[in-house]
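Below is a structure I'd like to ask you about.
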Amino acid sequence: MSYVKLENIWKEYEVKGKKTQVLKGLNLDIEKGEFVVVLGPSGEGKTTILKIIAGLLRQDKGHVYLRGELADDVPPKDRRVAMVPQNYAIYPFMSVYDNIAFPLKVAHVPKEEIKKRVMEVATMLRIDNLLDRKPSQLSGGQMQRVAIARALVKGADIILMDEPLSNLDAQVRVLAREELKQLQRNLKPTIIYVTHDQVEALSLASKLAILHDGIIQAYGDPMDIYREPNNIWVASFLGNPPMNLIKGEVGKDYILLENMRIPIPEKFKKIISEGQKIIVGIRPEDLMINDNGILEGTVEMVEDLGPYSIIHVKIGQNLIRVIEKSVARRERGEKVKIGIDIAKLTLFNPSTEKNVLLEAVERVIRK
Amino acid sequence: MNKQKLYSFFYIIPIVSITLFLFIFPLVYSLYISFTNLSELHFIHYNYVGLVNYIIIFKYGYFLELLKNTLIWTVGSLVTMMSLGFGLALLLNQSDLKGKSVFYAILILPWAFPGFISLLIWQGLWVDPYGMMNRLILPTLHLPKVNSLTSTTDAWIELIVTNDWLSFPYFMTVFYSALQSIPKELYDIADLDGAGILTKFVKITLPSLKRTIAFVFITSFVFTWNNFYPIYILTGGGPGISTETFIVYAYQEAFSYSNFALGAAWSMISTIFVIVLAIIVIKYTHILDSFT
Amino acid sequence: MAIRRYKILKILRLLFSYIILIIMSFFAIFPLYYVFMTSFSNAPNLISLSISDLIPKHIYFTAYKYLISTNLYGGSFPLWVRNSLILASSTAIISVLLALITGYALSRLDIPAKKTLATFIYIVTFFPYTATAVPLYLLFAKFHLLNYIGLILAYTPGTSIFAAFIAKLSIDAIPSSYEEIAMIDGLSRFGAFLRIVMRLALPVVALTAILGFTGAYLDFALAYSFLLPNVKEWTATIGLYYMAGLLNPASAPQYNIFAAGAVLMGIPLMALFIVSQRMMTKAYSNLAGVKQ
């Protein structure tokens, strides 16, 4: 059942006289119990989306539906959502206990009930020993847990999170990520989580939504999107180092890259035709340097990153990246051959920038 | 979306309405009154008399005289106060001076102590011949006595000295912090280039403080122009009207002589000057940029 | 020898500085010392004040005792102080609400014509109380507001406008997520403002309260014109004016009583003033330094 739905959302901002369209007809349909991560570059409207769902901002055009009902005119306090803001917003003048209890106090829940629920949530997040401390005495990780506790104590089934892990140290962040996943598995709220960190997104999400240019570019299973990105922007955004994109042309039963031929995978044969211009996408981890490789090139640069290395290879006019386990030490200027895992090839239409396969599927559906 | 703007509007209504009622409305009302003959005689039934009050002011009233006085008061006070404050700030700014905090704490007292009360105290000090100034202090310093009841010059001396006492700490503080914010390196480099004290002062200190001096001068000018209490309490405008400024005279016309209409007219004239000055300040110092 | 010359110049410079500073310190502290000593003397009037009173052999508390217990002119000092306290506290409370609401709106909400509003407010700060005293009196006379309520209404805009500006800057520095979270948790925007933002902006609240309090407490011009007829309603400033012998010289009390009143009123207000100055510099430096 559609639990949180954004329909054709438009939002404009005015900064010092200049108007910017942040959201341009955005659509997002989220099912109950999903852990949705909205991933996108900074400043492109992720926080705006959360605020619109919460009712703190009103969209210029379009509708918000919560739990199947229109929520446009419902004020924030009646939407029954909870939020964990980026800077946690723990009230410095209240103790930890009072902070967590705050939503319940506002709702006039009786004292004993408040105590019970606060203890429940605090124990779950392992902060029950901090309840009478003041926020100034807490570490970053502890504050983050207090913020989450406050969001959970209401029992709201929709939780909005605005980059809650970005203020934590790298090691704490990894631990926090695990705890979050565990929490969601146990309690099963619908979480809408916003971040610009890919690793976080891929690790946490049950569904991934990629935000760019005011709309959701892709929505679905994270690995599906990773393996079959629906357009060039998504392809190069997801993945570090990014996917290699090379211009090519379709030949009889091969694709011409520079002056090298690569065979066409079966699934494309019916879709592309000879003479068509094409953009080939292949991820660095799906390339290997071996002696039977189809592509030939020269090593330009080597980045040794510990467990693996990124090898930058010049092939004709193109510079591509290959990931290799740091066993062989490559040298600049070395001539290498590169093999391709053909099954992992992705093709894009240069004029629409869309994934050729998905375009074909669209055409079929429209018929 | 428009609903939001309406809602926000409610937050502003209190301050806007209060400003409207307590600043704009009285001024407008005052303007209206200045065209009537409202006074003790004509309190319940008063008539519209047009520009009569203004004519009285300019022809028979003491417009030029009061303008002169207001200028003497404002410029005289400002020049002395600022020089004192600036000089003290320079003295305190010397890095090898000891006991700075003690001096600063003592020197700031005149400003910290409530001005109104200080004025009442000073009034008792200057009264001739009972006051301490004429009985003890001035003779000790071999200075001539000051009698503000008979001599205009004496009256001005009394006023300006008292005003200096009240205000020099403010200027001292402002200039001191401005001086402190000039990077020491500028002076060090000048020393290396062989600059003398005077050169350093003229070429480094003054230009760095230009903005501060301008801002302080202009805002203090407006403040002193409208400063009612010192003159009202010390000389009451006397002897005669030789120390009356616009604001004191207007107040007295209204409350001592109950010539409300005339008092209103004088207030208007003084206010016009203030508005003009305000506009100059806005244009010259671009203060508004920090607001929005 | 160049070094010797340099040393001599340095000593001369420092000597000169110390002399000037000491002279100015005497100048600064003398009137306050004088009134302090007078309050502990038993001199009935200015004439009988002698030099020996300034370096007393005996300390008399009679002035203070008299001040606290006796009736003066139909009222009494404690009564007048109480009146002032009521007036000043009410002004403080209303000013806080007004200033904070406005500051919040200017900071967070999308208000139509924000810039013109700011300009307008800035210009208004150029009008001191005394410039609007005459028209305010006339206006309030018409509406039967020549009483405490009228005074409170008249005092609040002055503080509130300036305080609103500081409130806006301080609230700018508070991340909006605090009140947003409160709104999600069930408070209305106004509720969030009251319970959360005001707590977070406590320094500004305190500053506004102090400014409003001292501004109202120390006013004379308006209170004098409004309240003179009714002695029992006088404020402490009017009382002090009377005690200094300026209202009705014939029925003025002894001078040492005035001195005692001056001391009792002056010292706490001086302390409040210093506190408020510290808070203001802290507020300004916070804003200049850390931007969140």
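Chains here go by letter, A, B and C, matching the order in which they are written, and residues are numbered from 1 within each.
Definition applied: a contact is a pair of C-beta atoms (placed from the backbone, for glycine too) under 8 Å apart; a residue touches a chain by one contact, two chains touch by 3 or more.
Predicted, not measured: the structure shown is a model, and the values here were computed from it.
J.: In terms of CA centroid distance, which chain is the most far removed from subunit A?
T.: Relative to subunit A, the chain with the farthest C-alpha centre is B.
J.: Name the chain pair with more contacting C-beta pairs, choosing from B-C and A-C.
T.: Result of the comparison of B-C and A-C: B-C.
J.: Could you state the distance in Å from the CA-based centre of subunit A to that of subunit B?
T.: Between these chains, centre-to-centre, one finds 63 Å.
J.: Please report how many Å separate the Cα centroid of subunit B from that of subunit C, as a whole number.
T.: 17
J.: In whole angstrom, what separates the CA-based centres of subunit A and subunit C?
T.: 57
J.: Out of subunit B, which residues touch more than one other chain, so two or more?
T.: Residue numbers touching two or more other chains: 4.
J.: For subunit B, which residues count as touching subunit C in their complex?
T.: Spelled out, the residues of subunit B in touch with subunit C are 4-5, 7-9, 11-12, 14-16, 18-19, 21-23, 25-27, 29-30, 33, 38, 84, 87-88, 91-92, 94, 96-97, 103, 106-107, 109-110, 112-118, 120-125, 127, 130-132, 136-137, 165, 169, 222-223, 226-229, 232-233, 247, 250-251, 254-255, 260, 263-264, 267, 270-271, 274-275, 277-278, 281-282, 287-288, 291-292.
J.: Considering the complex alone, what residue numbers of subunit A touch subunit C?
T.: 51, 54-56, 75-77, 79, 81-83, 85-87, 89, 91-93, 102-103, 106-107, 150, 154
J.: Would you mind writing out the residues of subunit C in touch with subunit B in their complex?
T.: Against subunit B, subunit C makes touches at 10, 13-14, 17-18, 20-21, 24-25, 27-32, 34-35, 45-47, 49, 51, 97-98, 101-102, 104-105, 109-112, 114-115, 117-124, 126-128, 130-139, 153-154, 156-157, 160-161, 164-165, 189, 214, 218, 220-221, 224-225, 237, 240-241, 244-246, 255, 258, 262, 265-266, 269-270, 273-274, 277.
J.: Under the stated contact criterion, what part of subunit C meets subunit A in this complex?
T.: Of all residues in subunit C, those touching subunit A are 175, 177-178, 180-188, 196, 199-200.
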